[in-house]
Amino acid sequence: MKINWFKYSAPMSFYPLAGKLIPLFWIAAIMLILGGLYWGFFKTADILNDQKQYYRIIYVHVASAWMAMWLYAVMVFWAMLGLIFNTRLSYMLASATAVTGTVMTIIALATGAIWGKTSWGTYWDWDPKLTTFLILLFVYIGYIALQSAIDDVRRSDKASALLALVGLALVPIIYYAVNCPDPTQCASLHQESSLKRVESNILIGMLVTTLGFWMYSFATTLMRARIIVLERERSTTWVSNLPEISLAETSNSKIEARTETRS
Amino acid sequence: MTSAFGTILKRDLLLALRRRSEIFTVLFFFIVVISLFPLGVGTEEKILQQMAPGVVWIAALLASTLALDRLFSADYEDGTLEKIVLSPSSLSMSVFAKILAHWLLTGLPLVLISPLLGLFYHLPMDSIFVMMFVLFIGTPVLSMLGAIAAALTLGLRGGGVLVSLLVLPLYIPVLVYGAGAISTSMITGVSIEPYVLLLLAFSLLSIVFSPWVTAAALKISLE
Amino acid sequence: MSLEVIKLQCQRGEKELFSELSFALRSKQLMRIEGQNGTGKTTLLRTLCGLYQPEAGEVHWNGKSIKKLGEEYLKDLFYLGHHNAIKADLSALENLQINTALAGETYSEDDLLQALDDIGLFGSEYKPTAHLSQGQKRRVALAGLLLSKAKLWVLDEPFVALDGFAVKLLQEVIAKHIENEGMAILTTHQEVPLTNGEILSISLDLNSSSTGNESTSSDD
Amino acid sequence: MTEFFSMGGFGIFIWSAMGIALALMILEPVSLIMKRRSVIKQIKRTKRLDARRKQN
């Protein structure tokens, strides 16, 4: 079976397709997130003793933190596709992904700070991970700021795509620098974060919630992309032929009546 | 090939010579920022010594972003940037010439003035030399990365603030290892070599890649 | 020597400026681009220089895409935009020397001074151009034309801000360039009389993607 | 029930973390729906203006 990918790279065919997919993603998102949290809250109670109850924050924290990083990768993917094939839709998806990525980063930071308060007794600890997410937030905000500062759509698409690529190249270096401020001793850090050490029961809840967050991200990204498509293609005929744009008969005749009385 | 490089380098230095005030503005900004810290946090020798590496680097980051805004925008406004882009030689090399000139005019003076500031903060002699050296190998990264942001924000309203927003987070590795090297140099018996090597690596990487990325960014911004 | 434009389409923001624009230009031909403000004259010229990426279509120089030719094409090109591309802090002589060096050409100081003299800047060669009048600044930029060895001149409103004497001089310079197997594209309302060569013209109209391409020959 | 909500004394932290996440994840789609409405309204307005201009 051959799928014509370029057909879907056109905003015109993307718009209705995305419209159909969004409700499905919403249903999946709500079910998976509720399911994951239900599992986490009710099926793992016996594993955690009272001192470890705060572990429940992890479901939302880890899911949002993963999404914050993954969405950056997704954004760079679209940006790169845009720069290589010069497809307008790729740029639109890149900028639609950025905002959801920012929201996820903020959630990760906020829940991380609360997690810190419960486990280390302080909201902010300049922990390498939290710091990296703070910088990721700066990078996301820089991307959005650059995009909104440029009026010309084409330039703003390309310039922000290039910035996303530069960020991709530098974020690992920044991560390394934050992780090992002393280059001679950094191997010892962050062994505890590996998944193996997490109880498998908790892991299930975490993975299901994360999957739900993916669905949420798809849904919001597509919603935003649809808005961007509408804004950019407003002067085309296919947009004005859309059912949601068509002027209802009643309002039309009202206008006619109004113009008549005026003249 | 090299003629455009030499021409642009010479031209930018000549222009700076005609307008010396711009160099001195950046330099004095650096000095003023560094002088304000002791007034804010107290003048105790211990505290100052401990703070000096970070303060010097942060002042250097701010001073270098301050000057970035003018890196390409002056040429953009009078049309000479188009001349450079349309010159039949490698745009990356031309861009490299511009960044090099920018570093010679804003980075190098900071390196040269830094011993004075070392004295403000009671740094030992060895640390002052270390500071000069790491500033010397670290500040080119600031100009190189900054050039990308300057090219991306070319001709935008409020471009100066935007440049800082884009570029300051990217400076973190240089800040971490640059300040780390100076701090380590005050501890006897610990080698600063790893820091220096990392800074050198950043410097070389940025010199290789930045002119190329900046050239691409300029082409996007000129459209 | 030939410049070919093949089915060019450009847009600015949401607005399409022109599409399916095709024409060819050969040695000894001059092309005038007409059209009201906002019809995309400058965008067309910038596209021809490779400064602007068209939405669709290609520009060929001697049968090869200018994208592929890169620096090879830029060697044959002289572009004069709205801005004069001169530095206010440098003198006319320094500006001219830098601009010719950037174009990959080197001249002795005498040659440069002669060119400035020819364009009517005698006595202002060493002054910072900030002190020159608008017309004089334009002349500094145009002095580059006197020296340029480029085959293709792309000039955006070259006659703006010039007085009668300079207009006449520039007309002669362009005419001479065309006679010497050169070619030029310009946006202007000014007539450029040629003694030997051909004048093509194109007009970009508002709200219409079609372009008329009538040629008037002044060959005889 | 209260035992469940207090979560061994960590309830305030856990529920505020959940609350922040929930609030942001509701705010985002709601703002998108509102944005979409305003964009559609705007496009309709220009379309109506065009239609009227054609009539005259």
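General observations
Letters A, B, C and D mark the chains as written, and numbering starts fresh at 1 in each.
The rule is simple: a contact is a pair of C-beta atoms (placed from the backbone, for glycine too) under 8 Å apart; a residue touches a chain by one contact, two chains touch by 3 or more.
Treat the numbers as computed from the prediction; the structure is a model and nothing was measured.
The most distant chain from chain D, with centres taken as the mean of CA atoms, is C. Chain centres here are Cα means. That of chain A falls 33 Å from that of chain B.
Mean C-alpha positions place chain A and chain C at a centre distance of 48 Å. Averaged C-alpha coordinates put the centre of chain A at 15 Å from the centre of chain D.
Centre-to-centre separation between chain B and chain C, using Cα means, comes to 38 Å. Those residues of chain A in touch with two or more other chains are numbered 152, 234. Along chain B, residues 223 each make contact with two or more other chains.
Which chains touch which is summed up as A-B, A-C, A-D, B-C. If you check the complex, the residues on chain A that touch chain C are 152-153, 232, 234-235. Chain C makes touch with chain A in their complex at residues 12-14. For chain C in complex with chain B, the touching residues are 46, 49-53, 71-72, 74-75, 77, 79, 81-90, 94, 98-99, 101-104, 106, 128.
Every residue of chain B that touches chain C in the complex is listed here, in rising order: 3-4, 7-8, 11, 14-15, 18-19, 77-80, 82-90, 222-223. Looking at the complex, you find that chain B touches chain A at residues 145, 148, 152-153, 156-159, 162, 165-166, 168-170, 172-173, 176-177, 180, 184, 194-195, 198, 202, 209, 213, 216-217, 220-221, 223.
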